[in-house]
Structures are given as C-alpha cells and as structure tokens.
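All chains are identified by letter, namely A, B, C and D, in their written order; residue positions are counted from 1 within each chain.
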Amino acid sequence: MGLLKDIKNLLIGMKITGKHLGRHAITIQYPEEKWTMPERSRGIVVLLSDKETGELNCTACMLCARACPTGAIIIDAPRDEVTKKRTLKGFIVDNGLCCFCGLCEEACNFCAIKMTPKYEFSTINKDDLTWDVKKLQEVGRDVDYIDTRKKKTAPAPKPAAATPTGDAPIPTPVANPGEEKKEG
Amino acid sequence: MTPIIASGELIVLFRWLHAQLASVGLPDIWVTVITYAVLGVFMFALLAVIALFLVWWERKISAHIQQRFGPMRVGWHGWYQTIMDALKLLQKEDIRVDTRDKPVFFWAPVLCFVAAFLAYVSIPFGDGLIVSDLNIGILYIIAVTTFTIISLLMAGWGSNNKYALLGGMRSAAQVVSYEVPMIASILTVILFSGSLSMVKIVESQTGHGIFNWFVFRVPFGPIAFLTYLITATAETNRTPFDIPEAEQELVAGYNVEYSGMKFAMFFLAEFVNMFTVSAIATTLFLGGWNGPFLPSWIWFLGKTLFVVFILMLFRWTYPRLRVDQLMEFSWKFLVPVTFANLILAGWMKYAKWHW
Amino acid sequence: MTQLRTEEFTVNMGPHHPSTHGVCRLLLTMDGERVVHIEPYIGYLHRALEKICENRTYPQCIPILDRFEYVTAMSCNYVFALAAERLASIQVPERAEYLRVIMLELNRMASHLLWYGTTALDLGAITPFLYGFRERELILDLFEMTCGQRLTYNYIRIGGVARDIPPQFIPKCREAVKTITEKMSDYEGLLNENPIWMARNKKVGVMSPELAIAYGVSGPPLRASGVKYDIRRNDPYSIYDRFQFNIPTQRNGDCYDRYIQRLQEIKESLKIVSQALDGLPEGDIKAKVPGVFKPPAGEVYARMENSRGELGVYLISDGTNKPLRVKTRGGSYNNLQVLPELGKGLLIADVVAIMASLDIIMPEVDR
Amino acid sequence: MTKDELREYIATRYSGKLTPLDLGRYELLYAADATGFKELARELYEDEQLKFDYLLNLGGIDTKERFEIIYNLGSIEKNHRIDIKLSLPYENAEVDSVQEIWPGANWFEREMWELYGINVRGHNNLKRFLLPDDWNQGHPMRKNWTAPDFIKLPEAGV
C-alpha cells in the first residue's frame, strides 16, 4: 500500500507542476516593460527645486549630512563671517556609499532632498556615481513633491489636503525633524 | 555494393546519391565512403538540431512551470537562443587546470559526445528511416551508450578535482547499477518480439490499434515501461537521479572543471542521451513509428518528444535522491521488480496468455 | 590479496558553494562519500557591524543593522528599537505596535518562504524555489509600498514606525494573506508527502532537545526538536499577548520536522497578520522621541523571535547619543555551531540537507 | 519564577557571588567575580531552582577603562533569565571558558578572544574565524582601535 501512496504523491507533484505549465508568467521583460514603483520607493537621492522659481530649496543647514549613516552626503557651505548664514556651494552625494535608508529625506525641513522612485543609474565607471549639485538638481527637476515649507507670501496649503497620492493624513516626515530643528 | 539501408522515403536520397556517384565512375570504395560520410553528416546535423531544440524546449518548459518566460530575446520566444549559446561557448576560453591528466581530460568530452551519437546507427526514426537495421540493434545501443559512464569517469578523474572525482564515481556506480533493471525491463519486450532488431521490435507491435504496443500489454507491459522510464532517467543523470552532477552537493560534479566547448559537448550529449532513451522507449514500448494517417516519422518524433516531456516534468518537480538511497532503490526495489516482471512475462508467454 | 590503503580526504565546501547560503566554508573530512568531521569556517562576510554601530547615533544604527540579517531586516530594526525603547523607557503608541506586528509577521513569512524555496533547491527540487519567491514577492511589494524598500527597510524606528501605511495597504495585505493561504496547498503538495523528499529528510540530522539547548539553538530548529520555546510567548514583547496563535512543535527534530515546523509557522503568522489587521486602531504612529536621542546610561538585552531563531541585541548606553556597545546575536550563529554535531558520520548530501534545514544566513553569523 | 522571586532567590542563595547592578534596564543584571566564574556558572547551571541551561549571548565590552564580559543566561524550563557581567583589567585580560557547561559558548568565546583580545583559558579551539587568518593588526573591537580607512561622520544633531 505504501508503494501506491508514494506513486500517488509523486503524481500529485506532477499535477501541480503540470497545472502551472499552462499559466501565464508573472515576471516581466525588464527593459521593455517596467514595474511602476510605489510613490514611497526609495531610489536615487535628488535635490528638489522650487516649483515657481526653479531654484534649489536647499538652505545648506547640514541636517541631511549629519543624519546620513554612511557619510554619503558632503556639503560645501562656508558660513558667512558676518551674517552667520551658510551659502550652498557644493552638494555631493556619493551613490556608491548611499545606503538608501531615507534618513536624509526625513531630516530635511525644507523639502530640499528627496529619495525618488527612480532607480536606473548604473554606470561602468565608479566615479560617475558621485553626483554633484548640478546633476542632483537636474535629475530632481521632474520630481513632484508636496511643498511643506512655510511660505510667507501665499497662505500655505494644508499638506494633507494637497497630498496627490491620497496618503494617510499624518505626514510623518515633518514631525520629527521639526524637533531636530529646534535643537540644532 | 549497396548501402545497408532499409527501404524508406528519405533514404531514396542516399540511394540516388549512391547511384549518381557510381555513374560518375568513382571506385566502389569511394562511392561507399562518400555516401556514408554524407549520411553521417546528415545524422550529426539532425541530432545537433534535436539537441539544441531540446535544450531550448527544456528551458521553456521549466520557465512555464515556474511561471517565468524563459528565453525570449533572440527570435520568436528565443527559438535560436541555444544556437547563440553554443556559439558563445565555442568562443569561450578553454580553461584547463594545470594538474589535469591531459589525455584523459581531453578525451572525456569527446568520448561522451561520440557515445551519445553512436546509438543513432540503429534507431528507427520512421518506417525505413534507419541508418542500419542491425540484427542486434538494441544490444548494440545498450553497449555503446554505456561508453558514457567511462567518459564521465574519465572526466572526473582527469579533472584532478575532488568534487569531479566524486561525481565521476557516483556516475559509474549509478549507471552500472541501473543498467541491470534497465536491461531486465528491455528483455521483457524482447521476449515477445523475439528479435533484437529495432525494426522487428516495432513491427511486432503493429496491428490492433494501440493495443499491440508493449506498454498496453497488461500486466507486464506497463510495469516494464515504468521501470524502464525510471532507469532511463537514471541513465541520463537527470533529476531525481542527477547525483553525479548534483549541483548543490558537488557543485557540478564531473564537469566542474570543464569550460567552453568541452562543457558544451557534455551538455549536448546529455540532451542527446535523453532523446536516445526516449527514442528507445518509443520503439520498445510505444509502438515506434506505428500510427494512423500521419507519416511514420511524425509519429515517432511525437511519441519520443512526449517521453522527453515526461522526463522534463520529472526533473522540474522532484527533489534529488541521496546516493545510497539511489543504490538501494535500484538493487532492492527495481531489480527484484523487473526480474519478477520478466519471469511473469516469460510464464505468460509460455502459457500463451497474451496477445 | 594485499589490503589496499585507504585514506580520508578533505573537501572545501565553500566559501563559494551553491548550498552554503552565502559565503561559509565547511572543511569536510571525508571517507569516500561519508563525512567524518565538519569544521565550519566563517567570517567571509564580516563587516564589523558592531564596530560601525559604535560610531553611529542611535537612529543611524537602524539602517546599519538592516544589513545584519537582510532577509528579515524588519526584525533587526525592531530588536534595536526595542532595546533603545527599554533603555529610554519609551511607550510606543498602540497603532505603531500593531503595524510593527504586521510587518514582523509578514517578514517572518517572507523569510520562511525564501527558506522553503532555497531548501528545496538545495535538495534538487528547483520549482518550489520559484513558487516560494512568487509569494514572497507579494510581501515585498507590501513593504515597498509602505517604507520604500524591498529588503533593507529602516521602517521600525525608536518610538514607533517611520511612516503610516498607505490606504491601499490593508486590502492588498488581506489579498496577500489569502493568496499565501491558498498557495500553501501547492507547497505541501509538492514536497510534504513526496517520497523522495521524505527519504531525504526523515531521520537525517536528528537534533535531540538536550543538544539543541546546550548549543543555544533557537527558533524553528529548537521547536522542531520538541522544545516549546517561543519568545513571543515566553518573554512577550510588543503586543503578541493579544493575539491567538499556537506555537507548533514537532517530535523528532530531524530535517523533515524542521521543514514541517516552518510551514506551520507560516500558517500561524498568517493568523496573526489577519488578527492584527482586524484590530488595527487609529492613532499616532510614533511616540515623542527627542530629535537627538540620548538614552540614560544603562544596559539592556532585547530579544525577539526571528524566523531564524532568537535575535538579540545587547545595548549599552553611556548617556551619549552613540551606543557604547551593540552586541548582536543572531539565531544562525548558534544554529550553525551545532552543524558539526549533526552532520558527523552522514553523507555529504545529508550535510547539505541539514544546512538547508537549519536555515543559516551568513551575514547574521559573520556580522 | 517571576522576576521578583528570582531576585529574592538569588539574593538569598548567591549573595556573595552575584552582586546586583542597577544599570540593567529590563532584566536582572548582576556582577560576578571573574576568577571563580566557571564554578559559579556550573552552580547556576545545576541549581534545581534556577537551571540556567541556555546561554543566549556572550560578548565582550570595552569601556575604555576595563573589559567586561556579559553573559545572558536563560532557562528554557523555568523561563527566566538574568544577565551576569564580569569585569576584567585592561592588561592581560583572561577568563575561564564556559563551553564545558554550555557548548554553545564556543564561538562566542572565540569571537571575544579574536575581537577583544581577551584570553579564554581552557578553550579547545582558539583560532581566528571572523578576521582573516593572517590578521596582525590588533583587536578591532577595542575602543582604541580605528580602521585605517575610517571616515569620521559629521557630528550628528548637535
């Protein structure tokens, strides 16, 4: 009887594989078809520009560079002796070091840095992975984002109402860095 | 001197070639040599095409079982993927270990390749489509395909690699022990056909629709067919009996040190062997080229590919046996069963309880 | 006839070997096919994560520890957050706890599905590998939707979770739970009763409960040996005491039992996820944590039940914003240690089966 | 045993050997003397009430002044656990191996020996295994050891 049972169980296995033989593939052909990445997907780091003026949102506050666990962000922003204000000179992201943790995005209070769902940036030269401010801004031009900065001129739109993706009503990224700002 | 070719449709071509060459006035010996050379090249090309097709087919089947696409890039559904792969392997550097046993290492894939192709001398592809209808056909096939073991053992030894050696040893042990039940199940068929000739075996299965096929001659036919199928899987070193090249244990077994075209020879030989055992199964059990309406060679090819398909389904469904379980399965289960079956068949033949 | 001389030989299984799941080297002393002695050599993946963590602030440690055990990175996030919360006595909001449990259990399933595939692959069955990955993909999609990454999540933070789930998460998660529940029959049908599978796994690598406890083996291998010890029940963390689930145990402690054990754990995880989805409350997702997290000086050992065993972090704070010491302990570390005991005297194919059934993942061992 | 019972029991039975530390935040944390720890460990293992048969974790700590070794012990049967901490001098730190009691300590001790340079007496296999075999650059987990390619991160948050 054991033999018959074994044969039956072997046939069950064949049945399962045979059943799948007629089904459609669930994989996709990558370069032709592409997966739509979720809104929150953490891919390339970009610098965001103001939607109206087209200038960088970055104020060189160094919060992202400090939050980065791998030291992938290097900001060159000398402090003005008189006004004590920093001016952004260089902003380098070493994608070879970046671990795509998203801490920089959370640390930023000015909607200046963001991880985008873009992911195709492989190169044959390792040096090409180090992106400077121009490249970062260029890649980030078409990135849509919710401007949570407090505008002095126009009445600020409620961040939750302006959410295009219908995200849950708690925009967490602002909650924590706000506190960091106070201390920093 | 006429070529030893039975009557057939395609063979007319060779007859014609022979006649043409003879009429030109070439010496007889040259006519024969050229005819055979053309025949050999033709068979080689045919088998290469079959092997390449099987590789592609297996990749497609495995992909669809696993809900993937498989090769899709080159041609319609990647139909010439294997050709490109073969070309790639041809161009690849032939990496050789310094400590190899040079002649053994070199000749192993050649022997494997040749042994795989030799069997086709005596396989009837259709009514009359046989290179040479040897009167000891099946015996010859079993004899030459056994060369494969030697080649695998050579590959294992010549590589001077422990994994390869283990693989070679395993393959020798496995093939030798599975040869016994295989022959016992083949003998069951020979008992009824009364001949070792492949053509005669097929002819003995004509008539009565499909009920004259050995696989339907209950009770011994199905048992012999199943045991043959199992042993055939083992002979071709395919999962669940692929211990000689068990990827996850021995990395790749005997062919771990081979690269480039030498590896391709092993690889293609495996698929040719798979086709061989399926063709034998078709000839012996599934009525060979017998079938209505369609040309005989289509029936033969269809049945063979069906058996190949079953072997592929085995491979993509089952885990691998362990080496000692494999031996136990052969000696403690298959050998008694096949011999009991043989005795049963003999007794039924004696008592004339068969059709 | 004179007696021929025989000798044992050594085989290097690894560092690059299809069945060592990463880069582990097993030095096998073999007598023909039989393994006489196994000596594991590890450290090929040593990245000094503990040292790196000592130079990072607490929030920065979490993405680093994602790489500690990347198959269940959620657990690594969680266990560090748990330790830090215990150090600073942070109360985590209700909703965050539910989200954590959902994520942890989904991740456990993902890990077990990966294991299901790879262990079948190790024993030569290739198709289950793809089937396991197919369903794992559903879970990874959920993770990506929530936190943006598929493998290194950085989702569970000190005091809560990083972001709330998107609205489409819950229906998708329910769908995934349903799909996996359905596909379980495929997995079981392919291997459970398969005579070849049983022959390969039954009575192979039998681990007695005494041996398991002595070597500190934890997780499914421990429970497969018959020891009913699950940290979710024995040292409850998070809100596991609110859910109805069983702790399955097996009797024999062989490879087959470990296989069955994991499949049953997937089913239990499915139960927990369904219950957590039903009970998910509204509310905050993160407790008030100061921007510069400086826990008071103290030490704590936080542990949790990971898919590979006990995942623990011994965290020492000296009052600054960087930990003084992060000692991590992965389940695989002890589970691999017991391999030489289990594999002695068996065939090389059995060593592969045992290795697969213990579910070793090398980054967790080497750190 | 609950945590309080355990504390009570240890206070009565092991008052001289295990000194409670107030640094422990979740589990009971005790300090023990390094010299006689092996005997104490055996006692804890064999004690019918405690039965610490399960070694969860073992690791070295460098506090810049001294080495510490932490033993996270648990009992499967009784379902309780304690942490025990040993203190060792910075120079010639040595400790007895406990792998006779808990065989699982083997690798932990080996790792501690390798990364901290704490010698483990009576260990059967003190060989390098996390670091390369030809490593000669000291003990990397010590606080005074810095990687040659160490990049200092910008000081966070301050």
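Rule of thumb we're sticking to: a contact is a pair of C-beta atoms (placed from the backbone, for glycine too) under 8 Å apart; a residue touches a chain by one contact, two chains touch by 3 or more.
This is a predicted model, so every value here is computed, not measured.
Between chain B and chain D, the least number of touch steps comes to 2. At the far end from chain C, in terms of centres built from Cα atoms, lies B. Looking at A-C alongside A-D, one finds more C-beta pairs in contact between the chains of A-C.
Between the CA-based centres of chain A and chain C the separation comes to 27 Å, rounded to the whole angstrom. Chain A and chain D, compared by their mean Cα positions, are separated by 41 Å. Note on chain placement: the centre of chain A and the centre of chain B lie 55 Å apart, centres being C-alpha means. Chain C and chain D have CA centres that are 24 Å apart.
In chain D, the residues touching two or more other chains are 153, 156-158.
Touching of two or more other chains is recorded for residues 10, 13, 16-17, 20, 26, 67-69, 180, 183-184 of chain A.
For chain B, residues touching at least two other chains, in rising order: 65-68, 316-318. Every pair of chains in contact is given here: A-B, A-C, A-D, B-C, C-D. Contact residues of chain B toward chain C in the complex are 62, 65-68, 162-163, 166, 170, 239-240, 242-243, 246-251, 315-325. Per the touch definition, chain C reaches chain B in the complex via residues 9, 11, 17-19, 33, 120-127, 129-131, 134, 190-191, 194, 196-197, 199-200, 347-350, 352. By the touch criterion stated above, chain A contacts chain C in their complex at residues 5-6, 9-10, 12-13, 15-17, 20, 26, 37-42, 67-69, 99-103, 106, 115, 165-168, 170, 172-173, 175-177, 179-184. By the touch criterion stated above, chain A contacts chain B in their complex at residues 10, 13-14, 16-18, 20-27, 29. The touching residues of chain B, counted against chain A in their complex, run 61, 63-69, 72, 313-314, 316-318.
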